[in-house]
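Below are structures written as structure tokens.
One chain, chain A, appears in both complexes that follow, with chain B as partner in the first and chain C in the second.
Entry: the complex of A and B
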């Protein structure tokens, strides 16, 4: 099972240039989506047949804070001129959507909020997600993003066989 | 595979607070829509009556009320170590954005404590399909063998945050919404709370959630797929081995936005469901977001038990191509299965298959 993380406060633009470079939509994303996008690139960059539509891989994201950092940005804009570009990121599952779009993964994508970082609980929920007969592997990420400069991340690429 | 039954339901809606009351209201076409002053733009919505409420959080209040009603009907001991809790919501207490209480995790902890649930709750926040995804999560928890019962509760209260956001996207209609209609012009927001207790055991004939699926369009974060990809794939998964004529109806998302309803029509046709009766309940409740999947499932179970396919309030002239079998009139059915369908931002789509099962 592969695991990666991004240190809190790291330059996400520098990581984008290092790992990707040709996906300008990245710059429209909120910080949570940027983190999920980059963590996924780090995990799957050398996989064969990338960008071929597949339904057998789930994207399961976990956090305590959801999308609170971007919620605050939208709430500020709302006082003046509500920003549709910020509003669309006020959902904890937009990051899983961005990952699915980039990679053409049409399988399950779900966002869960837990009281705290608890690997045993995360793996219990991931194991339950594998009850979907279609799902053979999963991109799993804990991403707790308090602000645009403070976060805790851990991401894994797991196969169904890892879970048995 | 373990069968999972719905053994208790609870509701808080602007048109009634018991499943029977709500079914009667839907059959009579009763709604609570009116125009509200906005920030500054007005909006048209179906909101709950807050008069007399004095507590720290209206969200916490209504989600507890629905969950308690469901637990009471189910007759379970919520404090058992074999009882789980899943909360479905999108924005919960977003009006408290400047405090810790804003977090979805805090809302779940408050609900667990108030219900006396002793296991750690999980929040499913999957945009507009949250309620459906939360029910699927509850099913999986029971099938994991770790839980005998799971309380799945969902709610949404409306706020400046949500309303101005949808206004900024130009997704709201200032008139009653018209799902699948040629003149549909957008959605109405709504408030509600709904809960279902799922169980591995049922002592009388009960509705079973046979299976469910969540699929991503892998296309766009705020616009549905033009080919209905995720919705079609979710339908295909839950309908494997099921004939279209076994279904009483498909209760769709039907938000009454141009794109959503058109996308669902494509997905339903691709799945071979063009002749199956289709209905949408947003014309009664508005879009109740975190509550929608649970609320619309409860009303659909009630309708099927009464032998009817509920009308689609607001629909009058076919506005999707290819067409679907939607009607403004109530219809009869003797079938004992239906599909609940939802879609949402982030490209998510979900389907659940319900079937009336024997006692076990």
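Entry: the complex of A and C
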């Protein structure tokens, strides 16, 4: 299975310009969504039929901090005018939606907030996702984003055969 | 007008938290909404309405009016130039 990560504090804008460059919605995303978006690009950029709608790929993202970095920004904006643009990212599952929308993946899409990095639990949940008749592969990511410059990430592109 | 266009680009980037975007990334006449342009959506209209009111004293009658005013930065600048109260 393919695995990628983004070092904590790396310039996400520079990575966007290197790997994508033509998806301006990226700039609107919170840091958690940017991380998920970029990790996915790094994993699937060379896949054939890249943007053909498919339902056989699941997205499962895991974290401990959820979207706390953006939540703080939103709370700060409430001192003046609560920002709708920030508000829409105050859910930790938005990242899985951004990934699915970008890639036209209509399969399982889930975001889990765990008390800590729990490898056994993560892979048990991934195995569960493969129990349906549809899912053949999954984008799996651990993205723990404490702030706009501090995070731990690991993402994998998992095939059903990897789980047998 | 060129100065106002550039000023608006900076304010749009700031208001919408387009972190990492520069004025050069926004073409004067590119649509602000939809996949063809900047990728803004209906949520962002609210931010832009507040931007006009706070910075230029312009109060739009409704978000629907925003669709016309926020077609592009160039259209926005033209509207601001004609209607600004400050």
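As a working rule, the second predicted complex is superposed on the first by the 164 of 164 C-alpha atoms of A that agree within 3 Å, B and C clash if a C-alpha of one lies under 4 Å from a C-alpha of the other, contacts with A are read in each partner's own complex, and residues count from 1 in each chain.
Going forward, a contact is a pair of C-beta atoms (placed from the backbone, for glycine too) under 8 Å apart; a residue touches a chain by one contact, two chains touch by 3 or more.
Nothing here was measured: the structure is a model prediction, and the numbers come from that model.
By the document's definition of touching, of the two partners only chain B reaches A:106; chain C does not.
Between chain B and chain C, the partner in contact with more residues of chain A is B.
Applying the stated contact rule after C-alpha superposition, one finds that A:83 touches each of chain B and chain C. Of the two partner chains, chain C is the only one touched by A:12; chain B is not. In the superposition on chain A, A:114 makes contact with chain B only, not with chain C. Judged by the touch definition given at the top, the superposed model places A:59 against chain B, while chain C stays out of reach.
Looking at the shared chain after the overlay, A:24 reaches chain C, while chain B stays out of its contact range. Overlap of the chain B and chain C interfaces on chain A comprises residues 83-84, 87-88. Looking at the complex, you find that chain A touches chain B at residues 53, 55, 59, 64-66, 68, 71-72, 74-75, 78, 82-84, 87-88, 90-94, 96-98, 100-101, 103-116, 118, 121, 124-125, 127-129, 131-134.
Those residues of chain B whose C-beta lies close enough to touch chain A in the complex are 39, 90-91, 94, 97, 102-105, 108-109, 120-127, 133, 137, 140-141, 143-144, 146, 160-161, 164-169, 213-222, 229-230, 233, 237, 344-348.
Looking at the complex, you find that chain A touches chain C at residues 11-13, 16, 23-25, 27-28, 73, 81, 83-88, 148. Residues of chain C touching chain A in their complex: 15-21, 25, 37-40, 43-44, 46-47, 50, 54.
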